[in-house]
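Next come two complexes built around subunit A: one with subunit B, the other with subunit C.
Moving on to the complex of A and B:
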C-alpha cells in the first residue's frame, strides 16, 4: 500500500517533465507541420546548461534555469529561421534537418562535458517532506512539479486568453485561412518554436538534478514525447498533458513493480494500439485532408 | 537503345571486376570497411524499395536486426549451417514484416513514420529484455562463420567475395523488381494513390508487398553482417543506424536506384576519411545532411545533371557571343 501511494506520488511528479517535453513537440508539429526529432536534444541542452553553470561554476540554480531556457529558445529560433522555414512545404525535409541538428547538439554536449560517465547535479533544494510518516517527497521534486504546473498554466493562459495565442491556434488549424485573416504565419511559427523550445529547456533544467545527464539522454525523452503525443492526439495540447499524466503514472508503476524496459516496451505497444484503434488519440479529432 | 544497354553492362562489368581486385590493395582494416560498405549498399537499396510507395519507415534497421538475430540463433542454437540459416534469415524478417503490416499500414505518412519507429523500438527493447534467447545488451557472440570446402571465411578477402556475389545477385533482383510491372505500380501508389485505387490497384497490398520484400533483403544483409563480425547486439540496429540509412538514401538521392548506392558509398568513404576527428564525426555528418537537404534536395545523383546545366548554359552563351 505504501509502495502504491509512493508510486502515485512519483508518477505525478514525473508527469510534469513528460508534459513539458511533449507540449513543445505538439506545438511545433501543430503550427509548422514538422516532427522535431531534435526535441529530446533541446531538453538535453537545458540539462547540460544547468550542469555546466550550476554544478561546475556555482551559478545560483534559479539563474541557470533562466539561462537554460533562453539558450534553448535561441537554438529553437535559429532552427526555425535557417532550417524549417526554407523547408516549409517539405515535412520530410524538416524532419531530416532536425536529425542533422540532433547530431550537432550531441557532439556539442560531448565537447562541453567530455565523453566520460553520466554527469550528476547535486540537488539545490535539500531535504525531504514526509507525509503521513511514509510518503517521502524530496523538496527538489516538489519544486519541479510546482514549476511545471505553473509553466503549463501560463502556456494555457497564453493560448486561450491572448490574441497571439488565438493566432497561434488559428495557424495550427489552417495555415492558409489564417494567412488570409492577416496573420503572419512565419511570425507565428517563430513564436511557436520559441515557446516549444523554452518548455523543452525548462524541462531539461528541472530534470537536471534528478537524473543522469549524458549526450544521449534525449533518446528516451523523444520516445516518451512521441508516445504521449500520439496517445494524447496529435495536435492536441490538452490531450498531450492528460496523456503525460496517464503515461507517467503507468510508467512509474510498471518500473516499480517490473522494470524500466518492460515499461517502455509496453508503452510503445500501447501507442501502436492507439494508432490502430483510435489514430486521433484520446483528445484529438479527425482532420479532413 | 541496345547500344546503351551494352554500354551499361560493360560499365557494370568493369565496376564489378574493379571491386573484385580492390581488397588485395587494401590494409586489413580497410578490407573490413569494404565488406560493411557492400552490405550497407544492400541495406539502402532494399530501403529504397520500401520508400517507393512514399512511406518512410523507421523500422528498416530493426528488420535487419531481425534477420541477424534469426540467423545467429538458427546457426548457434539449432546448429544449422550458414547456407541454410542465411536464406531463412531473410524469410524470418519477411514474416515479421508481414505480421507488422496489419497494424502499420493502417497508418500513412506521419503516423506511419512514428508507428514504425515505435514498433521497431519495441522489438529492439525485447532483444534487451528477453535475455533467454537474445542475450540482453551484450547480445549473442561466437556466431559461426560460413563453411564451404576449405575456404577460411574468417579472413576478410574470402568473405568479401562471398558478400560481393550475394549482394550483386540481390541488387540485380531488386533492380528487376523495380523495373517490373510491380515496381511501376509501386510508383503509381506513391504519386497517384487515389488514381491507382480507382483503376483497381489494391494500394494496401502493394505497400505491404514492398515492405515485406524490402525486409526480406535487409534481413539477408543483417545475416551477412553478423556472420562476419561473429556477434550481434541490439545496439547495432538502433535508431542511430536507422538515421544513417535515411541519410545515405536522402543525400544520395532517393529518386533513382543509383542515388541510394551513391549516397552510401560517398558518405561512408567520407566518414572513413574523418576517422581522426572521432567525436566530431556525427556533427560533420549532421552538417552534410543539412546542407544537402537545403541545397541539393534531389541528392548527389542530380549533381552531374546540375553541373551539365550550369556549364551548358555557359557554352550556349559563348556560342551566342
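Moving on to the complex of A and C:
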C-alpha cells in the first residue's frame, strides 16, 4: 500500500512536466499546423538557462525561471517569424526547419555549457515533506507540481475566458474561417508559439534541479510529448492534459511494478494502438472534409 | 669617439631586448609550447568528447595533455636512443561507431599515431578488425572488448568491471550485518550488464543475497519510481553498477529516506551529489575511483608520478572536469611509454610483445595478465585496486583490494553470472 501511494505521488508529479511539454506542442500544431521537432530542445534551453544563471552565477531561482521563460519565448517567436511563417503552406518545410533548429539549439547549448558531464542544478528548495510517516515528497517537486498546475490553469483561463484565447482556438479549428471573421492569423500564430514555447521554457526550468541537463535531453521529452499528444488527441489541449496524467501514472506504475523499459515500449505500443483504433485520441474529434 | 663606441652596445641591447620581448610574449601567449629539437612521437586518443559518453573521454584527454607537457618540459622521452616530444592527437567520435573507425584511420594514417587509446564497447568493436589487420596497438577500458584474436588490443589500466569485486569484499568484511543487496543499472551489454554480473558474483561470494537486479534503459528522466520500487524490498545495500545516472539516483535515495549502505562503481562529480543531497548522506558511500590527492596514493607501490601534483594541475586547468578517466588514460600512456622504452621502439608489434613478455607494473601496484578464461586472451592487466569511501565529504582510499586473487578463486561464479545475463564468454 505504501508503494502504491508513493507511486501515485511520483506519477502525479511527473504528469506536471509531461503536460507542460505536451500542451505547447499541441498549441503550436493546432494553430500553425507545424510539428515542432525542436520542442524538446526548447525545454532543454529552459533547463540550461537555469543551470547557467542559477547554478553558475547565483541568480535567484525564481528570477531564472522568468528569464528562462522569456528567452525560450523569444526563440519560439523568432522561429515563427523567420521559419514557420515563410513555410506556412509547406508542412514538410516547417518540420524540416524545426529539425534544423533542434540541431542549432543543441550546438548552442554545447557552446554555452561546454562538453563533458551533464549539468546539475542544486535544488533551491531543500528537504522532503513526509506524510503519514511513509509518503515522501521533496519540496522541490512539490514546488514544481504547484507551478505546473498554476501555469496550466492560467493557460486554460486564457483560452476559455479571453478574446485572444477564443481567437486562438478559432484559428486552430479553421484558419480560413477565422480569417474571414477578421482574426489576424499571423498574430495568432505568433501568440500560439509564444505561449507554447513559454510552457516549454517553464517545463525545462522546473525540471532543471531534478534531472541531468545535457544538450540531448530534449530527445526523451519530445518522445513523451508525442505519445501524450497522440493519445490525448492531436490538437486537443484538454486531451493533452488528461493524457499526460494518465500516461505519467501508467509509466510510473509499470516502471515501479515491472520495468522502465517495459513501460516505455508499452507506452509506444499504446500510442500505435490509439492511432489504429481511435486516430482522434481521447479528446480529439474527426473533422469532415 | 664616444658615440662610435656606444653604437654596437646599443644595437646589442636592442637585439637582446627585442629577443627577450618576443620570447616573453611567446611564452605568455603560448605557455604550453616548448621549443625543442626533439622528434615527435604521436599517441592517439579516439574517444567521445561530446555527447552522453563525453565524461568518459574528455577528462582523459586533459590528463594526457598534462602528462605530455610534463614529459616535454623535462626534455622528452628517449626510446631506442632517440629523444622524442610527446604529442597527443585526438579525435571525437561521440560514441558513434562509424566515426570511431573514421577517427581511428585518421589518427593512424594522417597523424601517424603509434598507439591509440579508446574508451571501449561498440566503438572498439568497430575498429578492431582494421586495427588487428594493420597491427595497431589499441587500448580499451573495457576488457570485455577482448576476443581470442585481438592480439593488439590491451586493457592496461581499468578492467571494468572486474575491480568492483574488491568493494563488495571490503563491505562484507567491515559490515558483517549486511545480508541483502539490490542492484540498479542500465541494461546495455557493454557497461551495465557486465557490471551487474560482476556485482552479482561478488555479492554471492561475500554471502550477501541479491534480492533485486533492476535494469533500466537510457531514456529514464525520473528515477523516483525505480528507487521507490527497489526500496520497497528493503535492501541492506543499494548498489549502482554503472555511473550514467548516479546523481539522480542518489538524489532519490536521499529524498526517499534510504538509510542503508550504498556501493557504486563510480561516484563521479560527488561534490555535485553532495550539493543535491547532503554531506552526511553521501558520507560512507563506497566506490572504486580515488581522487589523486589521496594520501594513500602518495605511498610506495603506486606507479604514477606525483599523483598529488597531477591532481592539482588537472583541477587548476579544468576545475569541474575530474572524472574516473582523468587519470586512467594518462596511466595507460605512461605504461605504454615504459614498454616502448623497454622495447627500444614505439612500433606496435615490438611494444605489444614487450608488454606481454615483461612483468608489468599496474598503476596501483601488482599486475597480472588475465582474460583468457573469460574472453579468450590474457590481454587485461589486472592489479591492485583501491576501495574508496566518502569521508567528511571527501573521497578517501581505505585499502587496496586484490582483484587477481579474487578472480583466481571465484572465476567460475563470475562466468556463471555473465552467462546468466547473456554476456559473451569463451
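What we mean here is this: the second predicted complex is superposed on the first by the 289 of 289 C-alpha atoms of A that agree within 3 Å, B and C clash if a C-alpha of one lies under 4 Å from a C-alpha of the other, contacts with A are read in each partner's own complex, and residues count from 1 in each chain.
Going forward, contacts are C-beta pairs under 8 Å (C-beta built on N, C-alpha and C of every residue); 3 or more make two chains touch, one makes a residue touch a chain.
It should be emphasised that the depicted structure is a prediction, and the values quoted were computed from it without experimental measurement.
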- Can A:60 be said to touch subunit B (first), subunit C (second), both, or neither? neither
- Looking at the overlay, does A:211 come into contact with subunit B only (first), subunit C only (second), both, or neither? second
- Task: For A:14, decide between first (touching subunit B), second (touching subunit C), both and neither.
- Result: second
- Based on the superposed arrangement, let me know which partner A:138 touches: subunit B (first), subunit C (second), both, or neither? second
- Which holds for A:257: it touches subunit B only (first), subunit C only (second), both, or neither? second
- Message: Quick check on the superposed pair: does A:110 touch subunit B, subunit C, both, or neither? Answer first, second, both or neither.
- Response: both
- Touching A:223 in the superposition: subunit B (first), subunit C (second), both, neither? both
- Query: Should A:3 be classified as contacting the first partner (subunit B), the second (subunit C), both, or neither?
  - Reply: second
- Taking the superposition as given, does A:276 touch the first partner, subunit B, the second, subunit C, both, or neither? first
- Message: After overlaying the two complexes on chain A, where does the subunit B footprint on subunit A coincide with the subunit C footprint?
- Response: 110, 115, 223, 261, 264
- Message: Per the contact definition, I'd like the list of subunit A residues that touch subunit B in the complex.
- Response: 35, 83, 86-87, 90-93, 95-97, 99-104, 106-108, 110-111, 115, 219, 223, 226-227, 230, 234, 261-262, 264-265, 268-269, 271-272, 275-276, 279
- Please give the residue numbers of subunit B that touch subunit A in the complex, ascending. 56, 103, 106-107, 109-111, 113-115, 117-119, 121-122, 125-126, 128-129, 239, 243, 246-247, 250, 279-280, 282-283, 285-287, 289-290, 293-294, 297
- Message: Residue numbers of subunit A touching subunit C in their complex, please.
- Response: 2-3, 6-7, 10-11, 13-14, 17, 110, 115-118, 120, 122-123, 128, 130, 136, 138, 207, 209-212, 214, 216-217, 220-221, 223-224, 251-253, 255-257, 259-261, 264
- Within their complex, subunit C touches subunit A through residues 49-52, 54-55, 58-59, 187, 214-217, 219-222, 224-226, 228-229, 232, 245, 247-248, 251, 255-257, 268-269, 272, 275-276, 320-321, 323
